[in-house]
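Pasting the structures here.
Both of the next two complexes hold chain A, though its partner changes from chain B to chain C.
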Partner chain A sequence: MKTQRDKIQAFSPDSDIAVLKISGLRTCLKTRKGRLYPVDGVDLEVPRGQIVGLVGESGCGKSMMANSIMGLLPQGGMIEEGSVTFCGQDFLRYSPEQRRQLYGDRITLIFQEPMSSLNPVIRVGKQVTEVLMLHKQMSREEAKHQVIEMFRSVGIPEPERRFSCYPHELSGGLRQRIMISAAMICQPDLLIADEPTTALDVTIEAQILQLMRKLQQEAGTSVLLITHDLGVVAEVCDLVYVMYAGKIVEAADVYELFRNPTHPYTRGLLGSLPNRNIGKRLQSIPGTVPMLAEMPQGCRFAPRCPHAAQACIEQVPAMTEVSQGHLVRCPLIPKEV
Partner chain B sequence: MEREQNVLLRAEHLVKTFPAGRNKVHAISDVDITICRGETLGLVGESGCGKSTLGRLILGLLRPTEGKIWFEGQELTAMSKGEFRKVRRDIQCIFQDPYASLDPRLSIANSIMEPLTINHVGTRQEQQEKVEALLKIVGIPVEYRNRFPHQFSGGQRQRVGIARALALNPKLIVCDEPVSALDVSIQAQVLNLLADLQNQMGLTYLFISHDLNVVQRISNRVCIMYLGQICESGPTEEIFAHPRHPYTHFLLSAVPVTDPEQRQEKELISGELPSPIAPPPGCRFHTRCPYATEVCRTSVPSKTEENGHLFACHHPL
Partner chain C sequence: MNRTVKNESYFMSVWNEFRKNRAAVMGMSILFAIIVVAIFADFLAPYDPIEQVYADALQGPSTAHWFGTDEFGRDIFSRVLYGARVSLLVGVVSVAIACVIGSLLGASAGYFGGGYDAVVMRCMDVLLAIPSLLLNLSIVSALGKSVFNMMLAVGVSNIPRYCRIMRASVLQIKNAEYVDAARITGASHMLIIIRHIIPNCLAPIIVQATLSVGSAIIACAGLSFLGVGVPAPTPEWGAMLSNGKDFLRHNAYITIFPGLAIMLTVLSLNLMGDGLRDAFDPKLRR
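Take a look at the complex of A and B:
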């Protein structure tokens, strides 16, 4: 076991290799309705030290993708195709034991609702201490000292007192700070944050986003930030992937995406934001996200797309590069949409 | 003067406390509110500030501990149950989660018809016609009338909820977080629908939301709530452009920008909402306010009015 651990730690942390590289990932769910594909051929890359946003509406498969990476698929779920490499090594080939060594240490996860990820009957300090004792082989005393320091740096007031609180004694914002401490205390290479601020009020959300950005810069962690909120993306992300019905439809750096949104879905999402184009009518996207069992042939956005042509219904569009690093999955590109 | 005649609903010195063991939760403390005909009044605040409780007091779902509410000049708080039921037809509500507010065992047509049946409006035939007309108004195909709530998506269910609220031709609709559970593209559909209905039917909305972007878009006037009190109110544009209360200022600056080129270091307020069981004395915001002085800790700020813009602060911005 010791040798496995050494091998995993032998990654070159300062190389240019992307921390996370997903190619052609296809996740299958076996249900009574047959095989469903909530994630269907996703390519995604998280470069070192960057915050990558994955945006989409509910049901587009973004959480399923995080769960595929973290091995948290529900009963009947499996990765059917594709590869996931972590720091250049094929992650899917790892044994469960090898993966467990990475989770919580090199790859960590934050969920939307901290109450459901924290154990309600264990004091929060102990829950974070365990991470250090397990992965860094620290003694309880050393670990406690470091956890209190971490609590202080994530802005938890009176960290010594909070150390021995139970999760229900803390507010939503504080609980999320505890989760962030647990996720960041080992200075991971990759943090996957699944809607980390969705359950929080706007003032607390701004505090948490600022904190994530600060810790990420200090520790050099790469972040995959999953969200439905384009505002959050605009605030903190470097790169953005837009996901719709199990596929990535547009990918670009954040400035490019907001300046030149190209896919009709991305444009629709931006047009739906209530604080843009004040005074004009909101440009809503008609219809809803298709059910997994009723995926349209061809372009999956075609039934809701104002520009849909015959070509969109017939052929599955490929990703096209419209400018340096800006990829779009639309059959009408590069023609003017 | 003109405004006085236009007042649809007015509440003065509303107080609502809930028992909590030996203590009391001060959910609403001395709130005045005026809603004019045909306007949308936005009510914004963080969770736990009492905005939903205020909505429930207006709907008569809760009785105020103190204070009075008038609707079209009649005092709701002094009415008998029977009288109130008649007036209550004019005040309807839309909630956040239509799945929780629609009976899962009633088809949507029956759900929408229920308020008509209860209030004995029209014959069966007329009621059915009304239901069809309502479905058309909210954009649900009439063929779906016999389907059940679980067969619809979240956005469609919210449309059914809206149709049901419209059934009795109300004058005031209390919308409690009507779009918070919806995806942004669906949220835009529902917001457009609410705006259209207001234009067509001259409705008045009390729009309760934690989402400042949504409130800014839909409201004519805004009230900002903090810990059971309204700290600032006034015309939407005025409040968003020139907030006078520090809390409003920090709340607005916390809203994510939707343009990465406008990213900037934010001025954030530290800390979280104090407990409503023991609200801070003086100005309730002083525990988090960077401008707080001794006077803020001891005396409750009175309201200042400037051109319809009201704020309660000792040191306005």
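Take a look at the complex of A and C:
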């Protein structure tokens, strides 16, 4: 076990190797309706030290993908094919015990709901201290000291006193700061943030994003930020993946994506942002994400796409490169949409 | 500095709620008094509880013997005071046995689920299917007659209750986000169950425990009454009831006083248990 961990550690300073590399990930849910695939062939790469956004509507498989990596799939869920490489090591080959060693230390996750992700009967300081003591050899006193320092750096006022508060005594923003300090206390290589600001109001959201950016730069952590909010993506991300119905439909760096959105779905998402259409009615994408059991043949976005042609219904589109590092999955590309 | 945030723990708020309930506080006071009596029986009892004075046999209540004497001339008041020791001990220990074993079985069954859950719960069904008196009698007669075996028997027959309560709470709690959050910090199953799940499921268990100390005392009294409980000269409320049954017509006080003692203890525990249940339930809070 020890040697396995050392091996990963030896790999990690190498900046050429992506911290997280997912290829062809297919997650299967066994239900009464048969096998469903909420994540269906996802390729994704999180380079070292960058913030990667994963954008999509509710129900398009974003969280399911995070849960596949973190081993939090519901009963009947399993990874059917594909590979997940963490710092150059095949993550899926690890035993549950080996993965457990990585969780909380090298890979961490922040949930959407800061209200319910803290244990209501344990003091918050203690909850963070326990994470630290689980992975690092140190005395309780040292750990407490370090946690208070962490609380201070995430902007919790009066950290000594908050240390012995129960979760119900803190506001949503403070609780999310506590969650962030628990996730960052071991200085992980990869932080997966699953809609970390959705439950917070807008002013707190901006502060939390700024904080994540700051901590990420200090610790050199790579972040996979899962969100449905393109505003958040524009604010903090370096690279963006757009996900629709279990597949990545567009991938580009953030400037390229906002300057030159190519997939009709991405355009639809950008069109539905309020500030771009002053004086005009807000556009929306008609319809909803298709049910998992009723995935359309061919391009999955075709039923909602304003440009859908015969080719879209017939063939399953592959990713095509429209410019350096800008990939799109649309049958009508490179033809003009 | 902002001082509005109070560091009031969950259990402090439950205690504040509990204090408002007068009946529950009364129950707790009575129980406290009984515990004090049990501890200081040596100083409070006017007579030796097992000393037999045949000259004083079967006397009614008087100033010399407040609760009268039994057929061997033993002072019933002293025996009731000493009896509190055995009865409370028996009640608390048997509930503790049931509570610890039942909770651990129930928590693990609820957490792991699947085949393990099915096996554990079917075993509990088997235990439930046997009438508890019959089960107690067979356990005590198989293991031999002693106070500890009696406590064990009463404890074992109560395991299914705790197991089922705990399993039900765990099923509810185990899908909470903070349990997932603990899992992704790399906590082991054992740590998750003991540190994160069980403390959140304690409320119904605490209530059940206080409520069933009373019934455990009665179950032990029943066993003593049937003659498989506490061995003869030791003062125990159930055994005293059993001894007095032959004298019910003319010397009813021999059974009345230990009976009252059992009633008072069970009443105080039930009042306290009710109060705790209300205090733990936020929906009933005013």
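The rule is short, and it goes like this: the second predicted complex is superposed on the first by the 324 of 337 C-alpha atoms of A that agree within 3 Å, B and C clash if a C-alpha of one lies under 4 Å from a C-alpha of the other, contacts with A are read in each partner's own complex, and residues count from 1 in each chain.
Just so it is clear, a contact is a pair of C-beta atoms (placed from the backbone, for glycine too) under 8 Å apart; a residue touches a chain by one contact, two chains touch by 3 or more.
These numbers were taken from a predicted model, which means no experiment stands behind them.
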Chain C versus chain B on the shared chain A, clash or fit after superposition: fit
Contacts of A:109 with chain B and chain C, given as first, second, both or neither: second
Touched partner set for A:166, first chain B, second chain C, both or neither: second
Angular separation of chain B and chain C about chain A, which is computed from CA centres of the superposed model and rounded to the nearest 10 °: 80
Partner chain(s) touched by A:182 [first = chain B, second = chain C, both, neither]: second
Residue contacts with chain A in the superposition, chain B compared against chain C: B
Touching partner for A:134 - first (chain B), second (chain C), both, neither: second
Partner chain(s) touched by A:36 [first = chain B, second = chain C, both, neither]: neither
Partner chain(s) touched by A:272 [first = chain B, second = chain C, both, neither]: first
First, second, both or neither for A:122, with chain B first and chain C second: second
Smallest separation of CA atoms, chain C relative to chain B, angstrom: 9
Intersection of chain A interface sets (partners chain B, chain C): none
Touching residues on chain A, where the partner in the complex is chain B: 57-58, 155, 157, 171, 173-174, 201-207, 209-210, 228-235, 237, 254-255, 258-259, 268-276, 278, 281-286, 288-289
Chain B to chain A touching residues, read off their complex: 46-47, 153, 155-156, 183-189, 191-192, 195, 210-214, 216-218, 250-251, 253-261, 263, 266, 268-273
Residue ranges of chain A in contact with chain C within the complex: 70-72, 100-105, 108-109, 111, 113, 116-122, 130-131, 134-135, 158, 161, 164-166, 169-170, 179, 182
Residues of chain C defined as touching chain A within the complex: 1, 5-10, 176-178, 180-188, 191, 195-196, 199-200
